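Presented below are the structures under discussion, each in the form of structure tokens.
Same chain, two partners: chain A is paired with chain B first, then with chain C.
Take a look at the complex of A and B:
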């Protein structure tokens, strides 16, 4: 891999990395035919961010032929390369990113004014490809807004606030802070903000729903969108299925996928579930969040990682990971089994209290590279199921 | 009990916000007393707050364009609420550019002071943000705890030097000691001192002037008139309390004064045309 970024695009790249750093601790780098993909996921796998920079974003973009290279590295060390973001634009003329195969380092060279060269050799780990499964096009509610509008909205919420609830009807959108505990209600300040539809560039509502998601990542994306002055598109459906936030222009695309709380509709689900499935486990059990179980699904898939063996040969990958596509694209028995085991082992008190975020679903596979693209995988099921779906599928 | 106030003027909103923010720096919890003419932020000197007490008085007409209130009864035409000033401050800070801000006593999931702001937009419909700040309504039998503190029988009263100067001095002293001695005389001199086993530091201020207290303070006057102008009256206080007072300071006062009751209390007064803030720091042995 060998690419060169010049001028204002250096800052765009740096801001993208900064906003990904609000999600997770690691940056996944994957040079693809259709551009350089930078991704990050948080530790509970409830938030995922991805930027794809098209080859045209770069003044030079070459990737090795027929050889898959992808890696992950500590996002902090990449941020260190683009330290002092404010002055970056003035001082850095060119940024050269190159893979040094011999040393096994990813080299960032900043060509600054006065012929100053700054070279950072970053170590990396081989990694699986990270890909959240989502299909924003199928979502019922679609909005597009200037970053200023959303920035002016989130400013009303304290930085200590974790989650906001976003609700819509035909001509309004509300943001409200999410209070987890009834007891907290009498102490915590409640904030509600109402936006009229004509403040948005695009406002299409098919389902009057409310979703609750983490504010931190939205703030992260806003950092990028405000600096690049790109409108943010918001896609969401129902509680439990993720919110997708996107920015696009001709040479880049960014998607942030954030899990939403599913507890709003617990009561309803609980009831329907009782009616439909003969042996219902105790409702408490059912209501446990399923983050852990999905984590297991992911972990097992990564365990025989190819880091030491180098890129695996296709047949090997196929046999080792044969379960994966199934697990990822249809919620199958595998999950529920793991889930059940997990539940037996885990004491309720160990779990994060009341956080019923549905974890995101990842196709964490090593598929033929043609199949892997950062483009949202269309025609696939929306991720982040909950246990209800799992059991009903049986 | 009813309360509803509306602020339209930006400078009033800004000023009110700064007052509330100042209060929020001084205490986590305080009492907001609403009367037909005034708002009071009160902290009564309980051991829990380190014996510190506070009295802040605002004239409603100077802040609110509309102000309606109906107290508990016609004889006791007041409302007494326990609030978290930080919440109020945070709510007000985010609506600084509002076209109008309403402050209302509301009954939501619990009693709340609701701050509703109409924000300017490019569209035809205004953007509305509401902050519900939970409050506790204080029953009448406890009101006696939140009356205006009486002026202490001070030994020396003196104008304070610029608060910023004082702050930088106190901030540095804070690194050396937990206690500070504040002393002043009737000759316009004030000293800030710390003494530890290792170091003694004193900062001297002079020509500060002593405020003339009129007839109403005659009793003290006679005492202080007989006082040798050079003799210092001193009180040793917890340096954090003083620092807190200087740090939170956002109301640029036209007058800042300090009354010292020897070994008992330091009484700080800030006056700004329509706002007065009194802060009492008890002396420690």
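Take a look at the complex of A and C:
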């Protein structure tokens, strides 16, 4: 791979890497025929981001013929290349990215003002392909807004806030945070914002749903969208299926896929499915944790896997199952009973999300089969059920 | 070594009348002044504190005053030495009764005292300073005044140590470049701190002047061409590559940030000299100098 980025595009590239750094710790680099793909996924695999820079984005873009190459590296070390982001536009004239496969080095050369030449030789690891499976076309609700609108919206939420709930009806969109029941009343703050449809460039609603997702990644993409001045498109469907945020222009495309919190109706459905699966193997160290929240979350995160995911999923599903405590089965049943008792109250669709799921709500991000993309599923599947705790336990 | 401590004296003694302190620094009687071997006054204490900040990486500072001015030395691990030179002309008043007056104080404490009024950087607000020393065994006395309020600080002095002589003389200098500090600020602020060393290559041929780091995620090089408009002087006679401990190089970033020009020199032993030209608030020029020993010989 040998490519050259010049002028303002250097900053665009740097900002894309910055926004990907809000997702995960590693940057996956894959030079493709249709452009350079930069991707990242978080440790719980509940958030995924991808930027594809078309060959036209570069002044020069050449990739070796007929040999697939992809690698990953610490995103921090790539950020270090563009550390002086604020002055980047003024100081850097040209950025040359070159892969030396023999030396296992990815070299970034920045040609700066006053003849200063900065060369960063970064080591990398080989990696599998990282590819999220989603199909934007199939989403019921589609919006497009200027980055300013969304930035002005999220600015009202405290930076410590993890998740935000987005709801829509035919002519309005709401953003609100959820205040936990056990939160200290003196500190609790509920913020709710309402945006009218005419504030959006595009506002198409087919399902009056609300989804809860992480703010951090949205903020990350906003950093990019604001600097590139590109509108953000939002695609979402129902609670539990991922929300897709995307930016596009003629030479680049960025997609962020974020897990959303499953709601109770989903969970009940999942519980019935769970009942048909064989009891899982013995427990491991998860038993020490807040078992209630863990098991419930596990439950929601597990279910869609085997029943809806098609051929590539079984090995993954299997591995996740092996981590499930034996108690889960019983707990699930207990939970379903409680669920029955609560049923009357829980039918209210405006109910705030059940906070119990939050620790692990990222689980059920595998889209139901109806939304499966036509793309071939590659060897490493992202956004399948995998919990943060799983990762840490490894 | 005696334990260092800082004495703040708010009692207004030293025949100091707080009731008459509209011009407190000049109201001291002639008799008081006669006791001191060194008296130095500044209208703006920041002119001293700023330059001292450029060499603050250890607590002990050796003060050496001569009729030419004040030299403050800070050392680390016998491998690094930083000197700040404040010429006599910088001071509004500079009286010295001996050829050489030497003492050692805790630099952090001195800097705290100099900014005792908050060290405001607002224009028109400045702390006036009168620094007095009576001689061996006496504390360093600071009279600080801002907005008609006076603080007297007494900082205990210590036995002065002899600064290390790095024997860096210009006749042994192999390579020398003078750069505008602006061009080095960014590379220094970006230096990969996971690298144990900063490698400096100076050469009459390519890469001319190169800074390199070798960190966890790979290596990085910063190359300055000899014809860069930031390069004020390029006089390299022989290719030299030396490594210096990053931990020793880091403090010099403070001096770089203050300076407008920097001279980088290496001698035949690979010793590094960094000289910084610092312009203070009033446009006067001071110098800060760093000496650093090279790390283990590179093959």
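Everything below uses one rule, namely that the second predicted complex is superposed on the first by the 254 of 394 C-alpha atoms of A that agree within 3 Å, B and C clash if a C-alpha of one lies under 4 Å from a C-alpha of the other, contacts with A are read in each partner's own complex, and residues count from 1 in each chain.
The rule is short, and it goes like this: contacts are C-beta pairs under 8 Å (C-beta built on N, C-alpha and C of every residue); 3 or more make two chains touch, one makes a residue touch a chain.
Just so we're clear, the structure is a prediction, and the values are computed from it rather than from any experiment.
When both complexes are overlaid on chain A, the residue A:91 reaches chain C alone and has no touch with chain B. With both structures placed on the common chain, the touch criterion links A:189 to chain B but leaves chain C unconnected. When the two structures are aligned on the shared chain, A:105 is found in touch with chain C, with no touch to chain B.
Within the superposed three-chain model, A:123 lies in touch with chain C and out of touch with chain B [touch as defined at top].
In the superposition on chain A, A:80 makes contact with chain C only, while chain B stays out of contact range. In the superposition on chain A, A:201 contacts neither chain B nor chain C. By the touch criterion stated above, A:25 is placed in contact with neither chain B nor chain C.
Shared interface residues of chain A, touching chain B in one complex and chain C in the other, do not exist.
On the chain A side of its complex with chain C, the touching residues are 73-74, 76-77, 80, 83-84, 87, 91, 105, 114-123.
On the side of chain A, the complex with chain B involves touching residues 152, 155-156, 158, 185-196, 198-199. Note for the complex: chain C touches chain A at residues 183, 186-187, 189-190, 192, 215-225, 227-230.
Taken in their complex, chain B has these residues touching chain A: 84, 87, 90-91, 94-95, 108-110, 112, 119, 121-125, 127-134.
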